[in-house]
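Two complexes follow with chain A in common, the first pairing it with chain B and the second with chain C.
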Partner chain A sequence: MPESSTISEEFLRQLTAVGEVDILVGVPTFNNRDSIERVVSALQVGLTKYFQRERCVLINPDGGSTDGTPEIFKNASVRDFSMLLTSNPLRTFHRLSAPYHGIPGKETALRTLFTAADLLRAKACAIVSPDSLSITPEWVDSLVRPIYRENFDFAAPVYQRRKFDGLLVKGLVSPAVAALYGRKIHEPVGTDLGLSGRLACHFLGKDVWEQDITTFGMEIWMTTTAIVDDFRICESFLGPKIQAAKQYGQDVAGTVRQVVGSLFRCLDEHEPFWKGRDTCEDLPLFGFQYDVALEPIQLSKRRIMDTFRSQVDQLVPILESILAPQTLVEIRNVVQLADREFHYPDELWVKTIYEFAAAHHHSAINRDHLLQALPPLYRGWVSSFVSQNQKADAAKIDQKLEALSHDFERLKPYLIDRWNAEAGGER
Partner chain B sequence: MKLLVLQSMNQTLGRFYDMLLQFLPHLLAMLIIFVAGWVVAIIVKIVARRLMALARVNTLSEGSGITQILRKADLPAPLELLSRVVFWVVWIAFLLLGLDALNVPELHVQIARLFQLLPDIFVALIILFLGFLAANFFSRAALLAAVNANLPSARLVSGFVRFLIILLTITMALEQLALAQRTVLITFTIAFGAIMLSLAIAFGIGGRNVAQGMLERVFRPALSKKEDDKEKAEEIPPL
Partner chain C sequence: MANDALWYKDAVIYELHVRAFYDANGDGVGEFRGLTLKLEYLQDLGVSVVWLLPFYPSPLRDDGYDISDYTGIHPAYGDLDDFRMFLEEAHRRNIRVITELVLNHTSDQHPWFQEARSSRDNPRRDWYVWSDTVERYKKARIIFTDTELSNWAWDPVSKSYYWHRFFSHQPDLNYDNPVVREAMWGVMKFWFDMGVDGLRLDAVPYLVEREDTACENLPETHGVLKFLRARVDATFPGKMLLAEANQWPRDVRQYFGDGDECHMAFHFPLMPRMFMALKLEDRKPIVDILQTTPDIPDNCQWGIFLRNHDELTLEMVTDEERDYMYDEFARELRAKINVGIRRRLAPLMEGDRRRIELMNGLLMSMPGSPIIYYGDEIGMGDNIYLGDRNGVRTPMQWNGGWNAGFSGADPEQLYSPIISNPVYGYQAVNVESQRRYDHSLLSWMKRLIRLRKTTRALGRGTMELLAPENHHVIGYMRALANERILITGNLSSQAQAAELDLRQWRGWIPIEMSGGNLFPPIGDLPYLLTLGPYQFYWFRLRRI
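After this line comes the complex of A and B, so read on.
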């Protein structure tokens, strides 16, 4: 059902002028002048190269940029397609940019895109992050083809990451989603994805747009909702993911709070589904996989370790309200370990996450406070993981993460026990 | 003589008997009011408990942090505590009514004064309760914010926030009861002034470099950018 109130009259007129389309590509922006031109050019070449005969539209919902991002979006052009080993477009290539109504944020931008997809009757959509420095025209094919040609409804991205990059996703979100929702998705919070027009309309019809669940972490909500509502899901390999520096401006604590908070809210929303799942399936993976030598991320494990120790010491009174006594004792034992012996065991990490999830469900303390108490423990696990795998290659690290994923699956009954325990009862 | 003594005793006993006859119905009324009040209080407690259970008071108080405060103070769960409060409020009201039924003038005056003070006592108790809740909530928020910002004395910041809110709460509660208003106001002013002065001295002497750094970040961002970049390079990438 179209929610035209989220789009302006002017934008509605532009959409009407476009008519129906086959493929819609959306690039939500907010002050992305440094990277937007490259992204638009790559998308334009990709659509021309791989979907020459299809009716395509490129839409930019903008959250009120003050650096001229919408103008750059509108004016970015490919001068000579032949130099890029592709022919000129056969159809008119529509490109729309409009500020969206409502509270600035990704959920409003995506709601605008889904509304546009519904109005234009798009068969396939792709949403691309405006700050992907490593985007290539092939991303369009990888994200749209599984939807447009293979009848999948949701294509999650698979990136090649730098060593120790994306540990929040690899060490928490991805294994938790796999264990609880029964689908192995490498990037459940990936910002570049493909989805069918049918799924876009389905998301639009959900009664969650004014709730917290979509305010933060839209990606995790879309991924888990697609799983729960039984849409056909696949993964597409996109290659290396390098983001503009702006992404790293946000601190770890804020990101953990948003991403993990969204995951926990999804667990509340989808409780009957994940409690009933006891298997975990791999997903079809599209795209040619290749490895590029990427420089590993330099982390000061000593500094992270020290921060973990001092932060846990100070948060003990709060952690007592969230964690089981035994878990807290084990964490305090980890704090006491010397640098060389420092190790945050995987099982302890999984129990920590599951106890936080159950405490969040029971609102053991204010939920926002609860989420703010997690980043220090995340630092502990990260410093332990980095110490243990300093010299490990990518394959070895993958093995470790696979073992962690099994721990998440194995301990699922532990989460269910704590989830079902009476609020305020013995935990 | 003997007769006179007997007559006097008879009169005294007669007067006592008359007084007793006059007093006994009041005493009986008082006892009946006590017993009836006890029964009514129990019924009201049961009804209140069921209504609060339907309104999921326990779950709500878990979320707002009230349960944790009560647990720390070794008090029962909110549902139990509130139903006990309801019982005692109803029964105390009946007890006062019962005492009033004795028809003792001095007691009557004291009870009337107590009834007049009741609204103020009730408001003062609410102020104290909300104040302690606010102190707990904001001190925890301050602790988490300070810890995540990696400040060196997060607990000190949190304790200071708690102390300040509790000090303010107690002042407001005493103000409500109109008890030693001038003393309370002067004490609060001195305490608050002393805290601010000590902070100013601590920040001015002990934290001069910190203040300099903060001001440089605000007014000369280009200079501090290099340091920020170095810090970020060693930090975990968010996603």
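After this line comes the complex of A and C, so read on.
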């Protein structure tokens, strides 16, 4: 049930005026003036084109932007629908922008949206990132249709990414979720997704909103919760994902800590579920898949490798508390390898992650300290992966990632063993 | 009757077919004598104008719009004396009469056409539009797409093609010929001399043809109308011309000219959008069309309606809107005809009294003179199993007895079967039973019409649309001199709250017009109203 404190009186008044809706699209923002107009226009055209008869509302929970984002959101409009090969909307198109209460952050924005979905009795919702420069009106169809027409509860995005983009997801989160939760989800932390009103209300009713888990890891929490609570899940192909330059970017280390930390907390919460899963299923994939030529990500391999080497040496005392002795030995061996032979084996990478997960579960050391020790190792794996696939095409890279995913599945019993071991016992 | 040249601006018009109203001589077809007997009913209903569908001699291949004699009465309906008596009685009851004038075309049985086709040398040959080829006027669309393949038809008598924008048995008159204009003026003069108060000019956009044009709304057509209007003003001040032009408002606007063409014109695009708004539960379609409706000269007026003798036309909507309307209002394939839906108001509203009332409440308060289609005031149903649009032209249901009180003839003799299903049949829906109860639809309609007539603001006033955030609620202010009428309606099937920005009328008190109750005065804060499902209010604002 919604709590009155999660939304302002003014926002409630706006919701009252909207009444019941079929589709709710939410765009949480914070200083996104460079991209928000394009996103709003694409959503408006998409809703008009694909859901012309439905009652729709576009909601912008804003975390206190100082760059005029809410004003741009409210004023962005499509002047001539016919030029966009669609007709004028049949219905009033509602756009609400509301600063949300509480601590600014994604979880508060999503809580606001879920509360709105509950109050408006939305049948289908979509949440769209405000910085997607590659958004098209078709995203609305791809995210909403599986929910609204095909009765799925959760539609995770599938993006065409630039080469070496999203390696944290591809090389860690996605294969880990597949191996542990039994669902092959390409983007378990996707920021553009569809969900049913039923699921939105389910999320809202969860007793997690004051906990850390929602602070930095809403996407992974939503994905895994939808799996664990047996909601119907699918994927939708959205095409390329190109984001606006971040106003103040998070560094890689911070991202790794947040995303992996959230995943580990989910593992704690869902322990009975993932321990009992021994199969992995593909999900229905909606949308016409296509490839466009995208510029590869430019990574400074040398810098990443050097960081890995120097930081591992510094972190040995901490890593000894986290990793099995053999694993640490092997990592230190990788550190010693010459550039040309540099290779962080997949199996070693998977064991690294699983040992971190188990150590996190046992709180072998302070969890923040534990998570701070992971980014250097991630850099080592990234450096190795990039070196080995410099000339590989997309298909070849997919094959490598598929093999990695199998290693995550194959070594799941290893995780369970370490998970079940006494804290501080033989590792 | 009051001598007011702008009488049509305050009019509540009642549209009927003589054939369908009352059969006094028991031959199965209504006639003028029967209609005259029922004028008391119309007076009691409160309407101020009767618009008669075509009653002229005709082969009746297009329900009388194929006229074979402009100055006669079809024998089934009586004669000119009967008409004169009807007219006199109507006027005695302060009811004005509008009749049809089909300017654009005649029946192919009209003597004018018979003469014209008889030889290429006939003096009336040039009264119609002829050609040796079908290649002329290729840009003109075909209107009756269900039945016609071309706007040209072959005449085997004179061995040439003649032009027709409607059915092939309705040849278009040639308004480039001044003699035709004079002849048609003669027809108008005939009826105005007799006392008719106004003429509905059928299919006016198509009077003149020009190569490389759509042959619609041409300046030459407006020239013809200005010519006729000037004659009317000079000879019959106070008489009214009503244009039938199923066009977008900006195009229809031209038929008012500078107040020197037609006095009135139908607002066709508003009608389907009222139905659409109700189904969508969203005021947007109505607001959109009203916002694109241009201002008209002070001496002009829109004619607005919910249903009429034709299909609910969907020509003036987009493809998506048309699909939506078909899906929502014509799920039965038989309900579709041409580019529209052949249904009456009550079945379109699924018999929901609240929706019927809301639609009438909006109709009676929007800018224009409202037109009620006979039978809709009692919620009559239709019969989509009859051909063409005959399903909405069935006999008026006067009571629950023999032939619904319409005729004493054998039921098989009636010009059309009476609606007899359990929901809309004459046993359930009829004037007599509804007259007995204050809460019947008929009684309610009477009250609504009377209410409208208490203020001129609804007929002549300006309109200012309000924009409450709640899109289910429509609101507008009608104003004339010191009068302010606030209209609010809930288009939704659920109760709604709406806040109206009425600050410019701060200190005024809304008085609900049907009951006379005072509502809280308007202050600085948004004025909060709650409306039940499909509920509407008319408020008269009074300055404290």
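Everything below uses one rule, namely that the second predicted complex is superposed on the first by the 425 of 427 C-alpha atoms of A that agree within 3 Å, B and C clash if a C-alpha of one lies under 4 Å from a C-alpha of the other, contacts with A are read in each partner's own complex, and residues count from 1 in each chain.
Following the convention adopted for this analysis, a residue touches a chain if its C-beta (ideal position, glycine included) is under 8 Å from a C-beta of that chain, and two chains touch if they have at least 3 such contacts.
Quantities reported herein were computed from a predicted structural model and do not represent experimental measurements.
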So in the superposed three-chain picture, is A:94 touching just chain B, just chain C, both, or none of them (first/second/both/neither)?
second
A:185 contacts which: chain B (first), chain C (second), both, neither?
neither
Which partner, chain B or chain C, touches the larger number of chain A residues?
B
A:176 contacts which: chain B (first), chain C (second), both, neither?
neither
Go through the superposed model and pick first if A:53 touches only chain B, second if only chain C, both, or neither.
second
Which of chain B and chain C A:283 touches, first, second, both or neither
neither
Which of the two partners, first being chain B and second being chain C, lies in contact with A:252: first, second, both, or neither?
first
Touched partner set for A:19, first chain B, second chain C, both or neither
second
Across the complex, what residues on chain A touch chain B?
165-169, 189, 247-248, 250-256, 259, 297-300, 303-304, 307, 311, 314-315, 318, 321, 362-367, 369, 372-373, 375-376, 379, 382, 423-424
Where on chain C is chain A touching in the complex?
276, 280, 282-285, 288, 318-321, 324, 468-472, 492, 494, 496-499
Chain A residues within the chain C interface of the complex
13-14, 16-20, 52-53, 55, 87-92, 94
Touching residues (chain side chain B, partner chain A) in the complex
58-59, 62-65, 67-68, 77, 137, 140-141, 143-145, 147-148, 150, 154-155, 232-239
